[in-house]
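Pasting the structures here.
You will see two complexes here that share chain A, one where it goes with chain B and one where it goes with chain C.
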Partner chain A sequence: MAKSLAGSEGLLPVTDWSHGRFGKSGPWASPGVRTATTLVVLWAILLGVTGVLDPSFVSDEALLAIAFNMAVVGVLSAGVAVLVISGGLLDLSIPTSTGLSALCTAVVLNHVGSWPAAIAGIACGCGIGLTNGLLIVATKVNPIVITLAVNFAGEGVLNMAFGQEFPLLKSGLHDLGLSNFIGVPTITWLMFGVLLLTGLGLSHTRYGRRAIAVGGNSIAAKRQGISLARARIATFGFMGLCAGIAGVLYASQSQIISPGDTSDLLFPAITAVILSGFSLQGGRGSFPVLILGIGLLSTIPTSLIALGATPDWTQLAQGLLLVFAVSLDGFRIKRGRR
Partner chain B sequence: MLKNRLKLVSCLISVMALVMSVGFESGAAQAAGANLTQQSKSVALKAGALCPSTTCAIPLPGQVPKGIKIGFANGGVGFAFLNEQQAIFLALAKRYGWVPYVLNNNASGPTAVTNMEQFAEDKVQYLLEFQIDQTVNPVLCAKAHSANITMITEAIPGPCEYFTSDDDHATGVAAGQKLGVYAKTNWDCKPDLVLLAASTSTGLASTERVGGDIDGVKSICPNIPQKDFVEFQMNNDNATGIGDARDSLVANPNAKRILVGGLNDLGVTQAITAAEQLGRAGQLWAWGGDGSDLGTDTDPHYHGSIQFFLEAGILPAFTIALELAAGDNVKKGFSPLDPTLIQQTCAMTEQQALHIPTIQQRGTKELAEYPTETAAQLYCPKTTS
Partner chain C sequence: MIQVVVSRAPWVGKQLLASSTRVLLIGLVLLIAVGWRLEPKLFLTSQNLSVFSSAASVPMFIAIAAAVALLAGVVDLSVGSMAGFGAAVFANCIGHGLGQFASAGVALACALGVGAFNASACVFFGANPLVVTLGSLIGLQGLTLIVLNNTSEEAFLPGLYNFTNETWAGVPALLLLVFLLGVMTAVLLAVTRWGRHIRAAGGDQAASNRAGIPVGKLQFCLFVLTAVFACIGGILYVGQDGAAQTTLGVGLELQIYAPILLGGYSLTRGGVGSIMGAVTGVVVLEVVSNLLDLRSINPYWQYIITGAVILAAVYADVLRGGERYE
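== the complex of A and B ==
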């Protein structure tokens, strides 16, 4: 039912993991496939040019580095993707929720152990996510304003509660952050797992389909008895869960953590989602394409440094990509209204 | 560089001269019914303690007016050493009967600018500024100037009037020499890669320290090709910093004998983690840049660092404020190349660092010994071999 509601507005949700619905006039005419093709071509060009100019770049190690780059951002992107699908929402408290989760993980890790630390980190993230959702529903204020406020407040809490940097003791969690399995970092496998489960959950569970329906047409969804408030709380809670997992993965590859560490994670997480064709109007997006977006975004720094550029060029390239993706999304929305 | 050395030497000589005059002055003062200022100044300094003024004398409580409003812009309360600096600042202000005012810059340039407006509104007279994002320092200085606030920047320079810091280039050289000695002893001066953590936003401090690292390595191993010195951008965000280090290692796929150094210990540990993730840390040998991880038993590849006694960085800044309040002729200097006051540092192995007190304990001791002994005099080892 949820899909038909969304479809009634002409915004067919493309959220299935394995059997995406790509539109009425064949898969190649749909935005999902076009976005995927564009990303694959861009990624191939980037890898090809870098490989030609620096043949040593074509290596298992480069793949490993790119895969490591993907892990934390990828998990956060899963949460952002769900928010965007469920109504073009954004969560600006990602830096705080990830940072707080990482610090919770660090503190528990040093005093108890790896598993309790991971649980504590994820619980911290969920707590902030649910707080966001409840505040948004209770106050009916724009989620951007609420999450921005929560981010500022969270920074204060971080500073007051932790107040200093934390060296992390050697642990199983740290080993996890350094390890790899069949040539791919373990934390990247975990990211793939999160993306897979999120994609399947959206398309195959009642809660997931409701989130899509709310994003596709909230008024129609409400008429069908879907509680917008519950959907909001659930989606922000899920964002918090992802931030919690990202915080644990962040801690697993850090030897020292301090408040404010994660302030740079917001931009790439949002960029990856928009770059992957998730509509800022909600209701549309594909998780397989999201993996391509995360991969392309994570390859840029590795390629540019291999070519001798500084990280400033990475920022420039990623910024331009976001402008391109947002413009493309605007163009599609405009064309869809005709 | 030579100019700095000469200034350092001349300052040391003036300190020695002052110390030599101590006994005479003390006795004379007592006999003459006491010039309290001179008597206290004579007690204040020992050989090796550096001074910001031509009189080279640090006022003691009672020798400067009470009730002066002094601010401290804490760079970010997330840093343990800055928390300790804040504690020392508050204790010193209390000792001198001054009114302390602390705001948190939270490692953010825009926040620092907002805080400066608050300091101005509350009519702070002296401001000790630890600002991590150097790019806003010109704005801070301009705002301070227009509000008649005397601003003393610490560690990260700004175009204000007074600046206190370590000698960034010299500390870089000291760290680089440790790397060079290891390369010479173990690899016949043939490392494959010297990976150095740099930070563009930190500005000249990074340039000088990383440049010092290179000079230090080359002073031991002059024939290492320039192409083998590779800088990466460290970042307070580990995901970004480790990523940049990882990408730099990927760009140098054949490097096995890897030396790691650079601006600070955080950047160095980011490079170590990156190498461990790629399975490239087998022959990696690292020496830190600012001592912030010393004594934490961070990683077996991290062998030591330059101990900055970062918690004590507030003391020379406060000293400058005290001397200005006392009307002394304090040297102006806002560049790392020519600061008002140079802080002493020393190379220290991780093992040595494990045997000195913690930051909090050191802070308490340094405060108790101020101004007669510096942190370096209290804790620097005789050798670092």
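== the complex of A and C ==
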């Protein structure tokens, strides 16, 4: 049932706060529940193995490091998830949009104050996202290619505008970024808030349902009078908004920012989304499962370091996981077509 | 009476000088004129030619393989990292006392593995090649750092160094050889059956499959070929620099794919483009970079220019009637 509704032929694909409920024979038949179980098991194995091999890993510090990492990756994933669900493929300009907004935040923070800094950072991210959307709608070029080029050009701008390193002064934003609330960093709560709002917004607002409709079957959506161009600009703008928020969160917890800092945020964000069962074909995916994916992906760097591996191993692991996730997705699409 | 329609093979000259290549060549001439006007004492010198050669030869070499692969619809964004990884493995083997050829063999074996890995994800599982090779891009960067232990590995080989820096009558030998390889590839693609199969496989997969062309196998082989060429490129870099650096090959993929796109290719469909266009594209982009260097302009402008070139080239493809996104 879920498949026929969410497949590429369906008119109005469902978003999946309800993914598990419509399984043909109990919840186990649903891909959402299977993905979720697999992710939980993988996450548990990773935490367990690291905990056994290095008992100091199960400390507040390591878990806090994971929570901080999760906050930034999670907010980015919310944007990527909306993009993928709406069939917008991917945004590869995340490193520069996040980096530029983090640096904007830093500059304004040191010269003006906390609130203007947050607004400037978010506005900067939105600007890049909207630029991507407008370019895609205007040129009709594949979003992956457009954002790849924008990222490359943006890297040049980032390096020319900000030079090497940028120290951050103490401020209200910093106090917020480093504070805890019920034992969990405040920014992680913020991330959960963004995810919850995004998930509810997708399934419960007109705009969200339009985004899903466009992703499930763009031609049918167009026939129903939904403007594809507007949907694209909106979803890429939302991606930019998320990148802006992520940039502000990143700046709020760092002492020094340098232009290359955010380059390793792209892969965990994308991989978390695809691994959680969001299909690159669009139209399907589940936000509760996404939280598990984000958790797994942000645990990897910390636990690899706890196991004594250098950060290079993290890159290798992330690359392999991304290839695995995309292959799985491709295989499902291929099987679905048959 | 059965009528047999035999389509004639396209004229070889058309393959060598497609219309997009001609436009590029005019651009190149203008660019050289501008360069000569701006830097009359530095630009058209034999010294600058050898600088240009050491910057352009290897990207051009890899671009030839990548262009053939792209003709069949195979995109491999991990070529840059593969070059870096190949260089790292090669230098590391030399450092462990292996001979030149044995080291090259090990590096090439690694390239075969990487190519097969990319290919199986894309061909057998039907995954999006852009995303898969992006994954292997970051994975290979990690592997390079692991192999090199986060420092650059010295490996000075006199034979290889001389080969990469040799000049024949004032012309850098490597550049000349790579250019000839490009011409040869273009001719072979035009006149052989394999060449036509490659172009057909990229043009329409389903139709080629029905016509009996083994599209999957062909694409698999081209993934491997691209990885192997990237690896050889990496080895040549080791010869040039006398070491394998950790940053070798970072961003090289766009330095390769931007000129290929300039040469009339499309990233989202195969079957269009000409090898000589790609080769000319590399020359154009490297001349621009060379000019930026000579005038000591901030090298990050190169990033912005490359990004803009990619955008312009893909937009041109859409205008030519390439695949439109929605």
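Keep this in mind: the second predicted complex is superposed on the first by the 301 of 338 C-alpha atoms of A that agree within 3 Å, B and C clash if a C-alpha of one lies under 4 Å from a C-alpha of the other, contacts with A are read in each partner's own complex, and residues count from 1 in each chain.
In this section, a contact is a pair of C-beta atoms (placed from the backbone, for glycine too) under 8 Å apart; a residue touches a chain by one contact, two chains touch by 3 or more.
Every value quoted in this text rests on a predicted model; they were computed, and no experiment measured them.
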| query | Here chain A is shared; do chain B and chain C fit on it together or clash? | reply | clash
| Given the touch rule stated above, what does A:M239 touch, chain B (first), chain C (second), both, or neither? | neither
| query | Touching A:V82 in the superposition: chain B (first), chain C (second), both, neither? | reply | neither
| message | Tell me the contact category for A:A153 with respect to chain B and chain C: first, second, both or neither. | response | second
| message | Once chain A of both complexes is superposed, is A:A62 in touch with chain B (first), chain C (second), both, or neither? | response | first
| task | For A:I226, select first, second, both or neither according to whether it touches chain B, chain C, the two together, or no partner. | result | neither
| message | Is A:D312 touching anything from chain B or chain C once the two structures are fitted on A? First, second, both or neither. | response | both
| request: Examine A:C104 and indicate which partner it touches, taking first as chain B and second as chain C; both and neither are also allowed. | output: neither
| query | Which partner does A:V326 contact after superposing on A: first (chain B), second (chain C), both, neither? | reply | second
| request: State whether A:L176 touches chain B only (first), chain C only (second), both chains, or neither. | output: neither
| message | Show me the chain A residues, by the header's touch rule, that chain B contacts in one structure and chain C contacts in the other. | response | 155, 159, 310, 312
| task | Quick one: which bits of chain C touch chain A in the complex? Just the residue numbers, please. | result | 117, 121-122, 125-128, 130-132, 134-143, 145-146, 150, 251, 254, 267-268, 298, 300-304, 306-308, 310-311, 314-315, 317-318, 323-326
| Contacting residues of chain A [partner chain C, same complex] | 90, 92, 135-136, 139-146, 148-157, 159-160, 218, 228, 232, 267, 270-271, 274, 280, 310, 312-323, 326-331, 333-334
| request: Please give the residue numbers of chain B that touch chain A in the complex, ascending. | output: 76-80, 83, 104, 106-107, 200, 232-233, 235-240, 242-244, 246-251, 253-254, 266, 269, 272-273, 276-278, 280, 292-293, 296, 298-299
| task | Could you please specify the touching residues of chain A with respect to chain B in the complex? | result | 54, 56-57, 59, 61-62, 64-65, 68-69, 72-73, 155, 158-159, 162-165, 167, 177-178, 180, 185, 250, 253-265, 301-302, 305-306, 308, 310-312
